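Should a chain be cited, it is by its letter among A, B, C, D, E and F, assigned in written order, with residues numbered from 1 in that chain.
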Amino acid sequence: MSRLQEFREFRERMNNRIFEQDHLGVNRFFTLDGKAYEPGALDSLTKEFAGLSASMVLRCDDCIAYHVIRCKELGATDEQLWEVFNVGLVIGGSIVIPHLRRAVALLDELKADGAT
Amino acid sequence: MSRLQEFREFRERMNNRIFEQDHLGVNRFFTLDGKAYEPGALDSLTKEFAGLSASMVLRCDDCIAYHVIRCKELGATDEQLWEVFNVGLVIGGSIVIPHLRRAVALLDELKADGAT
Amino acid sequence: MSRLQEFREFRERMNNRIFEQDHLGVNRFFTLDGKAYEPGALDSLTKEFAGLSASMVLRCDDCIAYHVIRCKELGATDEQLWEVFNVGLVIGGSIVIPHLRRAVALLDELKADGAT
Amino acid sequence: MSRLQEFREFRERMNNRIFEQDHLGVNRFFTLDGKAYEPGALDSLTKEFAGLSASMVLRCDDCIAYHVIRCKELGATDEQLWEVFNVGLVIGGSIVIPHLRRAVALLDELKADGAT
Amino acid sequence: MSRLQEFREFRERMNNRIFEQDHLGVNRFFTLDGKAYEPGALDSLTKEFAGLSASMVLRCDDCIAYHVIRCKELGATDEQLWEVFNVGLVIGGSIVIPHLRRAVALLDELKADGAT
Amino acid sequence: MSRLQEFREFRERMNNRIFEQDHLGVNRFFTLDGKAYEPGALDSLTKEFAGLSASMVLRCDDCIAYHVIRCKELGATDEQLWEVFNVGLVIGGSIVIPHLRRAVALLDELKADGAT
């Protein structure tokens, strides 16, 4: 199973598991998280770019993967993604590089997958 | 002296001091940092939003102040800034709240200053 | 004005300012944050201890101040607080020490203030 | 081998390897770390909850796994663990979610393992 | 394939992939990163020690692996590396321990590999 | 009172206050922290450089100040310090810049103080 498939399968399975636990605070947090990227004074793609740069500097591979996938679904070009990668790299420093490697590998996997 | 004035005065004075030190690596880093926000596949404002969310989750008051000022200079509305504040808050958690308070105080100071 | 007074005054003023902005996502986040410490399967004080250790390792002075104040309001002894300080110090390392210094100074200020 | 088994096997093997290196500072650190959770002004479970929330916001899967296992050994209920998960999530933000997924998967594995 | 081999293969492959993307800012960042460890007012090994401690407290396994490999290539003794491990552990806290375990495992793998 | 004086006065006063609290775990941690920089397989200055880079990437002004002061006491040249600043900046990214500004201001203050 590719990293992309693994990420998607585990994410969906565990999100379901978490929702079924029915902890009010946790479930409301997940709702708030989802709503933060809905279009408002800014469109969804701009918000996803902001989420991607934040995920890069916090160095969370799963969060980076999620925002890269969403950016592509919303029509981001590769050139735009690399501009955000660059902002994340400059702000976060060389400690971000291992995560950039994995982000680029996932982006290439996404394309091979026909998702772009 | 207001926080806005203090921030600007100290930032400019120390940036000059650092450039005069003439350390090649450090000076090149400052150049790279500046160029990351120049328009390219994304416009400067979108990049500043990405820089702002990253600064919020990393909880750096000076970086947040800088990106808020730049966003306003580039024409961001308050509603747009609050959308980025919200993305930063949801990704970074309640630990971001003290920085949100200071960001909002600075935004209000910017307006009183006639900068918007 | 003491650090304790400054913290309380700025926190209350800016929380009001933020609520008045009326951003739905931000306001809901503040509500979720407040509810996380209400008694449930764990009492409030145990949750505040968990919040305090998390704030220490994330090295947020304002968050540490808030949880120290809440712990004392809920009846924590100094000995209990020092046990949490120790957990935070061991997990977070010597980088936590400057925040421990400020936490202890605030705790002493709280007592001088008659709050304990 | 399950994640739980892998975690336990690697942790024990490498802890032995590290102790045998006989670096005085490192070994004393490990001792201090162990002692921080011994009962004192607070019982061990309360300290483990504080350790768990700190591990969540620092987003360390192995540390989270360790504290979840210890909490269950000390008699924590699932409801209590979810309260700590919620505190960690609200303080640390959505960046904690991937670690929450793995914490819940490990908790389920622990049960299947007969550990609860 | 061992962790050492995997790390080296993925790192080289993705670095090539990233350079071929030809993003000016990203490529310049990689150059700056490389140059930071070249001998100057400090020799390369002292800089690598500084890079290793920084990587430990930021808890980046790949960065730790890279600096450990470089330190050994530059002639560091095991005793010297353990002194840096200890500095990283004390500054960064017990949250660093899982990364220390992996660093020591990699160091042992490096030796089995004949690299020392 | 200058920032250097304030830092020294508060640090000494609160360290005394903490030691007098007589919490065994906390006091042992302070001892471990001090011993980590004593000469061993590496000399003290090399360890202080490692501590300085770690403090920079963790963005702790007080820790940076302490290690800068110690480095100068141990005979570090400005050129050597700037090399470590550069390593910290490249690893930690532009988020380190505000701390670099304050580190350089403190270094200049140290000189004006006759400490170099």
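To be clear about the criterion, contacts are C-beta pairs under 8 Å (C-beta built on N, C-alpha and C of every residue); 3 or more make two chains touch, one makes a residue touch a chain.
Keep in mind that this is a model prediction, so the values were computed, not measured.
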{"item": "Contact-graph separation of chain A and chain D, given in steps at minimum", "value": "1"}
{"item": "Neighbouring chains shared between chain B and chain E, ordered by label", "value": "A, C, D, F"}
{"item": "Chain located farthest away, centre of chain C as origin (C-alpha)", "value": "E"}
{"item": "Chain copies touching (chain A, chain F) - same or different residues, decided at half shared", "value": "same"}
{"item": "Between C-E and D-F, the pair with more C-beta contacts", "value": "C-E"}
{"item": "Length of the line joining the C-alpha centres of chain B and chain C, rounded to whole Å", "value": "26"}
{"item": "Distance between the centres, which are taken as Cα means, of chain F and chain E, whole angstrom", "value": "23"}
{"item": "Shared interface positions of chain B, touching two or more other chains", "value": "25, 29, 32-33, 36, 54-55, 57-58, 63, 82, 86, 89-92, 94-95"}
{"item": "Category of the chain touch graph - line, ring, star, complete, other", "value": "complete"}
{"item": "Chain C-touching residues of chain E, taken from the complex the two chains share", "value": "57, 89-96"}
{"item": "Partner chain F, residues of chain B touching it in the complex", "value": "10-11, 14-15, 17-18, 21, 23, 25-26, 29-30, 33, 54-55, 58, 60-63"}
{"item": "Sites on chain B touched by chain E in the complex", "value": "25, 28-29, 32, 35-36"}
{"item": "Complex interface listing, chain D residues touching chain A", "value": "59, 82, 85-86, 89-90, 94-95, 97-98, 100-102, 104-105, 108"}
{"item": "Complex interface listing, chain B residues touching chain A", "value": "32-33, 36-37, 40-42, 46-47, 49-58, 63, 77, 79-80, 82-84, 86-88, 90-92"}
